[in-house]
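Shared chain: chain A. Partners: chain B in the first complex, chain C in the second.
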Partner chain A sequence: MDFILEAQDLLKIYRSSWTRQKTTALDHLSLKVERGQIFGLLGPNGSGKTTALKAFLGMIRLNHGEVKLMGESPHQMSVKSKIGFLPEESYLYKFLSAQESLEFFGRLAKLDSKTLPHKIDTVLEKVGLLESRKRLVKHFSKGMLRRLGLAFILLKDPELIFLDEPTVGLDPIGAFKIRQMMIDLKTQGKTIVMCSHLLGEIENVCDKVAILYQGKVLKEDTLEKILSIPEKIQIILQNQSQNMGSLQKLLKDSHIEIESIGNPRKSLEKAFMEIIHLSS
Partner chain B sequence: MDKISQICAIAVQTLKEDLRRKTIFILFLFPPILSYAATVFTSFMPGSEKEFLTDIALSSVSLFTLLMTAFMTSDLFLKEVDRGTLYFFTSNPVQVSALILGKWLGCFLILILATLGMSIFMLILFYLKFHFFYSDFLKASLLLLGQMSILTAMGVWGSTFLSKFTNLSSLLLIYTLGHLGDYAEYFKVHQDHGVGLFKWLLRWIPDFSKFEFRNWLILGVHLNILSLAKAYLYAFFFSGLLLFLGACILKKRFFR
Partner chain C sequence: MRAITLFTRLTFKEILRSRTYGFLLLFSLLSSASGQLFLNFTLQEQEKFLKDIGMASVTFFSILLSVILGSTQIYNDFENKQIYSLLINPLRLYEYLVGRFLGFIFLIALAMGLMGLVLYASLIVQNLLFQMNNISLEIDIRQAFFFSIQKGLLANLPLLKGFAALFFQSILLCSVALLLSCFVSQSFAVIASFLILLAGHLVNLVIPLSFQYHKMLGHLMTFLLLWMPNFENFNITDSVVLGQNIPPVYFLWLSLYTVLGVSLFLFISHRVLFQKTGEL
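Let's turn to the complex of A and B:
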């Protein structure tokens, strides 16, 4: 298997500078992420998700363990040019405009200066900020800041993308758009490692999930395996209510126990998006 | 080439950020106002009015560029860490040397612009008052900038590990020591009385007497281009040393 991220036995202990009290943020955490996947780190607040992301990116000093991105250390310059990171808060320079921020970012990422202006236009259009390109970032709403953060990633076009709570604080439409973008990136062959405490978000986009609690991986598997109930079977049929009686009789005669019969439900998000779409 | 482009990008970003923060302009306006006010007093000092005005003008430029330096650099990296904008650099192929050089260059560019702007205003003031073009004032401003390059580097270095207050206090203390105490000259003369370690430490405190514009402009000590070049060489050596130390601290703390 082609693993783009390999984390081995990561241990991170934070010490309070006054009381010297220890807090174990990562407790011998090991993970492997395959290329082309959307991998979700799921856990409650304080479970070590953000610390894990920072450890993968080489942004924190670990007490023990090793991280390899694309087979190399995350500190290698060659690796840094192939990764993108969207932090939980969109950390941006308030006194730069969206376009200036992207130009600055592009030059830091060593992007080709000839194609940079065209690329900036394209990504600003993609994230819906083309109209606001000249506005200073300090006047942006939270949703716009998040989209600008994503624009950085699209501009850099990295192989491996780290997203920390990508939809936190966004309205359902904004969150939906970001999830769509993530799915688009996946179809382009990118690998995404995201962390979130929103179960629905992970369920909607992730292929594989690791559930973190107190710095430990409690479970790691594909979403399909985690969510399926092997002892039960669901059959979805076209609605033919006139034949329901005979179907129930058939199943009863075959000694098959029926737990419930009803219409399948769509997610609230899907229903919301359909209603909004219809009204607009 | 990529590294130079990154340094320039960081410098321009620092410059834009600081220029758009309006508070810096308040400091920029003080020396011209102060010097203009001083012209009123000079009318009561016949004979020494040029020296008085020169002293006031250069001292105010010196003081307010110092305040600008302190204001810009005291929490330069602390701010980046607090705002999280350091991620811009740590998640991109940016070397720590490019980051620190770019930040220093950005701050220094602002000081160049500010000093130049203030000097031009003073030149106009001198022209209106004494009806001659006081070109030496520009040379004195150049000396001042040499000194500011060291102070900027000192502020940038301090911001990699000191709190805003400590860094600010250190900057003001070193500047005051350099100008009021003339400590460097004192210890050169009284070397026998110094304790070994203390003397060794003093060697690493910048000697601002090299940039003392008063010696040159007011007391009439001759300063040629070679002396100016020597002063700048000293300034850039000291700045380089401080930036190197700052880069080591940043690398250890955030870049590994």
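Let's turn to the complex of A and C:
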């Protein structure tokens, strides 16, 4: 298998110098992410999700363990030009406008300066910030900052993207758009590693999930395997009014116990988006 | 080199757009020209007064600016976590550090250049006013103007030596403040920088005095103060205002001393920040 991220036995202990208290943020964590997947790190607050992301990106000094991105150290310049990161908080320079920010980070990422202005306009249009490109970042709302962060990623066009709580603090439409963008990126062949404590978010977009708790991976598998209940079977009927009675009779005659019968449910997000779409 | 230039430009833009720098510059320019308020002396006294006040203002504001720049900018990048957005790109920490520091140098140079212009303009205006008021009512204005340029600007060109020494001092002090900000909070770094500046000006005085008191104390003070930059080396303002000759070789030595000091402090800062970011 082609693994784009390999983390082996990561140990990170934070130590307070005054009280000498130790906190184990990552407790011998090991993970492998396949190329082209959307991989979710799921866990409650303080479970080590963000620390794990920082460890993958080489932004913290580990007590033990090794991370390889695309088979190399995350500190390699060749690797750095192929990865993108959307942090939970906006770490942008507030005195720059959206366009200036993208120009600065585009140049920092060593993108071609001739095509950069055109690319900037394209990504700003894609994230819906073209009109606000001259506005200073300090006047941006949280949703706009998130979209600008995504614009950086689209501009850099990396192979591997790390997203830290990508939809936190966004309204349902903003969150939906970001999730849609993630799915689009996946179809382009990008790999996404995201962390979130929102179960619905992980469920909607991820192929594979690792559940973290107290710095440890408690479970790691495909979403399908984690969510399916092997001892129960769900049957979805195409034409319910015609088939319901005969199916019930058939099951009863075969002495098959029925737990519940009802209409399948769509997610609240899907229902919300449909209602909004209809009204607009 | 591209990344260094990017950070130099970013620093320049950031500070020029900040109100703090604007107010600081405004006050420094007003202060440089404030000698004009005291004009009830003879021409020589007025000129000496203007030079004294002007150079004192330049000294004070260049110190203030270099301490503020050195102790706040890089500290803020780490505190506000902008460094994460930066280091995700193909960028070496030293490029960031050198780029930022070059930005500081240009800003100090700009501020000192403007203060110098104001000081020279004050000296020219003061000469012009003196001639118009005291020499003759029918004086040729062109002649008076050229005479004022001669007396105010050309005759005072040696003041530039004082500016050069203050510039070198500011750069060295800025690197000290930067180093301190790697260890402690920015307010503490500001205070500690001023204390080191003070101690650095007292090195030449304290060591001989302590030797006079007791040999052991002398050795102890030498040991304690030897590592400290000797800021007294840059204190040539009085000699310059009094018209004493400073040999060019002294400036060569001063520049070498500054370059060595700055390189050492930046190197240590780099190592400390290197540990902080986890870069290997």
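Assume the second predicted complex is superposed on the first by the 276 of 280 C-alpha atoms of A that agree within 3 Å, B and C clash if a C-alpha of one lies under 4 Å from a C-alpha of the other, contacts with A are read in each partner's own complex, and residues count from 1 in each chain.
The working rule: contacts are C-beta pairs under 8 Å (C-beta built on N, C-alpha and C of every residue); 3 or more make two chains touch, one makes a residue touch a chain.
Computed from a predicted model, the values in this text were never measured in an experiment.
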Three-chain arrangement built on chain A, chain B and chain C clash or fit: clash
Partner chain(s) touched by A:Leu57 [first = chain B, second = chain C, both, neither]: both
Which of chain B and chain C A:Lys249 touches, first, second, both or neither: neither
Touching partner for A:Lys110 - first (chain B), second (chain C), both, neither: both
Touching partner for A:His139 - first (chain B), second (chain C), both, neither: neither
Overlapping contact positions on chain A, where the chain C interface meets the chain B interface: 57-59, 61, 75, 77-78, 80-81, 83-85, 87, 89, 91-93, 95-96, 100, 104-105, 107-110, 156
Chain A contact footprint on chain C (complex, rising order): 2-3, 6, 10, 13-14, 17-18, 80-91, 275, 277-280
Residues of chain B touching chain A in the complex: 2, 5-6, 8-10, 12-13, 16-17, 20-21, 83-85, 87-95, 254-256
Residues of chain A that touch chain B when the two form their complex: 57-59, 61, 75, 77-78, 80-81, 83-85, 87, 89, 91-93, 95-96, 100, 103-105, 107-110, 113, 136, 156
Interfacial residue positions of chain A with respect to chain C in the complex: 54, 57-62, 73, 75, 77-78, 80-81, 83-85, 87, 89, 91-93, 95-96, 100, 104-105, 107-110, 152, 156
